[in-house]
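Here's a structure for you.
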Amino acid sequence: MLSFKCDYSEGAHPLILEALVRTNLEQCDGYGEDRFTASARERIARACGLGPGGEVYLLGGGTQTNSTIIAALLAPYEGAVAVRSGHIAVHEAGAVEYTGHKVLTIEGRDGKMEADALEAFLASFQADPNKDHMVWPGLVYISFPTEYGTIYTRSELEALHSVASSYGIPLMLDGARLGYGLSSPECDFSLEDLKDLVDVFYIGGTKVGALCGEAVVFPKGAPKHFFTTVKQHGALFAKGRLLGIQFDTLFTDGLYLKISAHAIGMAGLLKEVFRSRGIPFFLESPTNQQFVILENERMKELSTQVGFDVWEAVDVTHTAVRFATSWATSREQIEQLAAIL
Amino acid sequence: MLSFKCDYSEGAHPLILEALVRTNLEQCDGYGEDRFTASARERIARACGLGPGGEVYLLGGGTQTNSTIIAALLAPYEGAVAVRSGHIAVHEAGAVEYTGHKVLTIEGRDGKMEADALEAFLASFQADPNKDHMVWPGLVYISFPTEYGTIYTRSELEALHSVASSYGIPLMLDGARLGYGLSSPECDFSLEDLKDLVDVFYIGGTKVGALCGEAVVFPKGAPKHFFTTVKQHGALFAKGRLLGIQFDTLFTDGLYLKISAHAIGMAGLLKEVFRSRGIPFFLESPTNQQFVILENERMKELSTQVGFDVWEAVDVTHTAVRFATSWATSREQIEQLAAIL
Amino acid sequence: MLSFKCDYSEGAHPLILEALVRTNLEQCDGYGEDRFTASARERIARACGLGPGGEVYLLGGGTQTNSTIIAALLAPYEGAVAVRSGHIAVHEAGAVEYTGHKVLTIEGRDGKMEADALEAFLASFQADPNKDHMVWPGLVYISFPTEYGTIYTRSELEALHSVASSYGIPLMLDGARLGYGLSSPECDFSLEDLKDLVDVFYIGGTKVGALCGEAVVFPKGAPKHFFTTVKQHGALFAKGRLLGIQFDTLFTDGLYLKISAHAIGMAGLLKEVFRSRGIPFFLESPTNQQFVILENERMKELSTQVGFDVWEAVDVTHTAVRFATSWATSREQIEQLAAIL
Amino acid sequence: MLSFKCDYSEGAHPLILEALVRTNLEQCDGYGEDRFTASARERIARACGLGPGGEVYLLGGGTQTNSTIIAALLAPYEGAVAVRSGHIAVHEAGAVEYTGHKVLTIEGRDGKMEADALEAFLASFQADPNKDHMVWPGLVYISFPTEYGTIYTRSELEALHSVASSYGIPLMLDGARLGYGLSSPECDFSLEDLKDLVDVFYIGGTKVGALCGEAVVFPKGAPKHFFTTVKQHGALFAKGRLLGIQFDTLFTDGLYLKISAHAIGMAGLLKEVFRSRGIPFFLESPTNQQFVILENERMKELSTQVGFDVWEAVDVTHTAVRFATSWATSREQIEQLAAIL
């Protein structure tokens, strides 16, 4: 059945599979000590415009990457600040808490953290006479695009970064869908700019053409012995080549952004389909995840013909649902959906 | 350069790559809800002779699998018993301790745990007047083959299982190299027997032909909400199909054991090469890892021509080194090594 | 300076000190194996009307007791549900998260959890298609009296207990100030009733006449090896007699409730003082913590003459502050305060 | 029954009880913000000869203190090195592992760590090609006196400190029985010297005259936000005065060392009793814990008349047992024992 349920429905971009096949019998050292990983790290560093101190690590999946980075950056008495809808706050089965750290939540808007809200939270913490009895905010976590498909503008990121920095706290960007954010026509900055806008971020592979893999970028260098921390978190691949080859391919000839742009193009068509059928949007998303409101009966009926993700109840008779495009979405699939609708 | 450094030097068995390519654009649900994973779980259950309550889960890598299983099975006040050379005790960067559990070590012999030693340890614990101030042994961890390539006989496993059971403790078998153990001519039991010999085990994919992946088998059913525990440990793949397709392939037409047997055949040739050159063995291994003793100067010289793993110092002038074969080792590679030696 | 800052400003009830002095040189076994602890456990069990399976443990302080109980009762994938103002959610420095468990917060009213809100939360969790990616609610935590001095009625507790039980989740009551709640004229149940109203609770000593100590009551028996868990959490006193003697004294001749009733009597006088001076209450508290609203200038001035606790800003020019009475508060102190006001 | 089972059989030194009684109704702020704690910290700092950066914290008990210090000092990927018989390695119910850190054990001699063994361990770790897959040694833990009553000489401590420092690792001294070590005639350094011999240590109160309490000394300053870490570990007393008053008393007029010296004097008499009766010593201990070997039948018989601690089997018919003196041991008790023997 046709599905727009998520952006990880298919396997990998064909060029990745080709590279896996082509290099298959070449013998490599394990644990990321292979030439593909070296090349991938080098290409990513270049694409991100990293200086000599910058470092890149390849991990397997989003939850793992989030909890590994956060545990590596926080002191034991610190927690990570996120908006209430942040992925680490809701849908990672308590992976951050499992490492001993609280997720401190503040209200967001359409999935985004606002600099004013962050400033107010941090200021109130510092002013609290009981702060020594509380979890210290030690890192600010945002996702880009957010769980609602929304993105930050350059000035919004600058504002968040400036607030976080003024309290001595790093800003971390979960880029599980980074490509789809950067390729949005509404995005006013580039991958190269990110190194100055946040303190650590990762480039999502799993949802942008890879079988698995997230590339963590530390513009100013990784925490001490980060390799060991990755191992301790069970996030080190014996066959590091699997991650290396994939990212090496994604960062050759701009493939990563090219396929991201394709997904955004398809999302544009998708929006057009909904708009032309008078189906209202739950919120305005400029990326590959589109949220529309369906009357419950219609939703039930539609679900027998096409896959989508049930998001949240809007009222007693309506529900917000998510349709996602990806690097693999074809014009034909959009047309099929149009026909169904 | 020719390498016998480890059994994860190459990519995946060609049939796995073919399957990945063939199924690439088929849309699947994420997180293991795909048809490949269902089929793989089904095939593995059948290959293991599981009864109706048995369950199979697919995870990404060894360290992750070990710490996830152990954390799921232990109560907070319990620890895992292992031999001093056990992988979880030494080379997993404290991943088990990171989940809050102590690894309780006892002496092993050639990497194996002996039933008598286990019995003595558990009995002395129970007899200790201070046991309530100590970490309770809550699980027995063994690897098969061990870190030294050795394997347990059926009766040895029965003895360990019987001791563990008599103390109400589950026996867990780390099968990162399970195929190489089962295919050894000295192994006197089969994959189907394992369900009765231990309480939980996993079938290593990473080192036996897959790009990544370990299949955890709970003959009597998984711990409650194990899916959520896997997610919490960052061990859940969004593209569960990656694991599903690999294990589905490995368990079609007996591929897993066929390629394991090939590696054992190559190890036989390797042994012959060492024996014929008068190179002494560090210990007698019936599986794909072979340990020989080299004079240090020779070791240094040899390392410029062929890859192997430095294991441990034997005396001031000699070192034990490891040569490993795998599903990918060819007769030509063995001959090349013979020529070099 | 006169202080109403908290209910732990003084040392211990004189009878406790007398008992410590009287028994000082009697030799006892350590770690709670002394006759005082045995007697205290026995007296508490009787006062609580425990049946044969019930168990009592003596720990040192509130945060320690909360995190030890919670960690002992939760599975690794579970979290504790609390209202946003719950002590474990805010003022325990992330002690619960440090044990690996999330605190799941819901909105409360005047510090209390409402059965409807709990039911809605648990129902929505069960209905959530993503619940396997989320932290499972595994325990419900309430405090009695709450952090705002409010208390639950019997029927409110019954409703909460019924909701929690219908989801198979234990209800835990943090009774750091239990005596002050039970002695409130508005409390419509007794200490003996608690065993049926909740699944585990503790009787606060630190804030009710002891130097330290909280008595945990498991009406249906403690989690397996709870002694070892207490030790693991660093909550086991070598000189268990210190806790034993204190609780033995508090539960002899009804001392615990007598001194609690005294504090409530003093709180009544305190309320009268505020009411007669036209100082508005922040909320209606029937226990020993009284919250009033002060104009900020007046607050500053007053703070030079009497100790109180700054609670939270009400508006730009007003602040809610807390005055607490205790077993040690005297009529003279209330009169002194009246004179100052 | 007369008991030499441990050094925490009695309550507190009478001067401590007097001080508790005398100050009982003085109102203090909680959580260590009282004048007694301030005074105690000041007196201890002076007794230890601390410079301006030095800091002192008061915690409740040994296990709690060990795990709090260790968790505060280690990075997540690090573990604590201890001898196999070290208290944290055996008898603290895995409290250190519960915080996520491995205890790395090496062989000791009579409970002591040897500088050569430490050097060998750290050197071999640094030389290990797999060290990035292993737990990094991040702290060296020793106890003084050890679990066997033995003590380090100044030069032994200097050697250990020098080795640890050369690897950039702090040396921590568990001084649960510190007074009994310092007061031993064989001790060749003083409390004032300790600040230069180790990086952090604590002065045991529980076993040396207090009801509870350990004073942690950081000669070069505590880890950042140590107060919050203490709270997070459940180790912060609401009535900090309980610890403050006790340590203030112990460090007034040299009481701590005076009562320690008394215990050592009594241990001298105890030794004399054993020696004169021809009862062999298990090892030579210069402190308050004396280990002798009893024939099993005699041990059983004796245990009906006097309390002692069963330590470990020596052979099939003999057992090592421990007799401990303390600040509270009287000449009469020793004479009673002599009469029994």
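Per-chain residue numbering starts at 1, and chain names A, B, C and D are given in the order in which the chains are listed.
One rule holds for everything that comes next: contacts are C-beta pairs under 8 Å (C-beta built on N, C-alpha and C of every residue); 3 or more make two chains touch, one makes a residue touch a chain.
Predicted model, so just to flag it, every value in this text is computed and none were measured.
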| item | value |
| --- | --- |
| Partner chains that subunit A and subunit D have in common | B, C |
| Chain pair with the higher count of C-beta pairs in contact (C-D, B-C) | C-D |
| Chain located farthest away, centre of subunit D as origin (C-alpha) | A |
| Separation of mean Cα positions, subunit D and subunit B [Å, integer] | 42 |
| Subunit B and subunit C: spacing of chain centres that average the CA atoms, whole Å | 49 |
| Separation of mean Cα positions, subunit D and subunit C [Å, integer] | 33 |
| For subunit B, residues that touch 2 or more chains besides their own | 76-77, 92-94, 98-100, 132-134, 228-229, 231-232 |
| Contacting residues of subunit A [partner subunit B, same complex] | 1-3, 5-6, 8-12, 14, 17, 20-21, 23-30, 60-65, 67-68, 92-95, 98-99, 206-207, 211-212, 228-229, 231-239, 241-242, 307, 328 |
| Interfacial residue positions of subunit A with respect to subunit D in the complex | 31, 71-72, 75-77, 99-100, 132-134, 136, 224-225, 227-229, 231-232 |
| Subunit C contact footprint on subunit A (complex, rising order) | 76-77, 79, 90-94, 97-103, 129-130, 132-135, 310 |
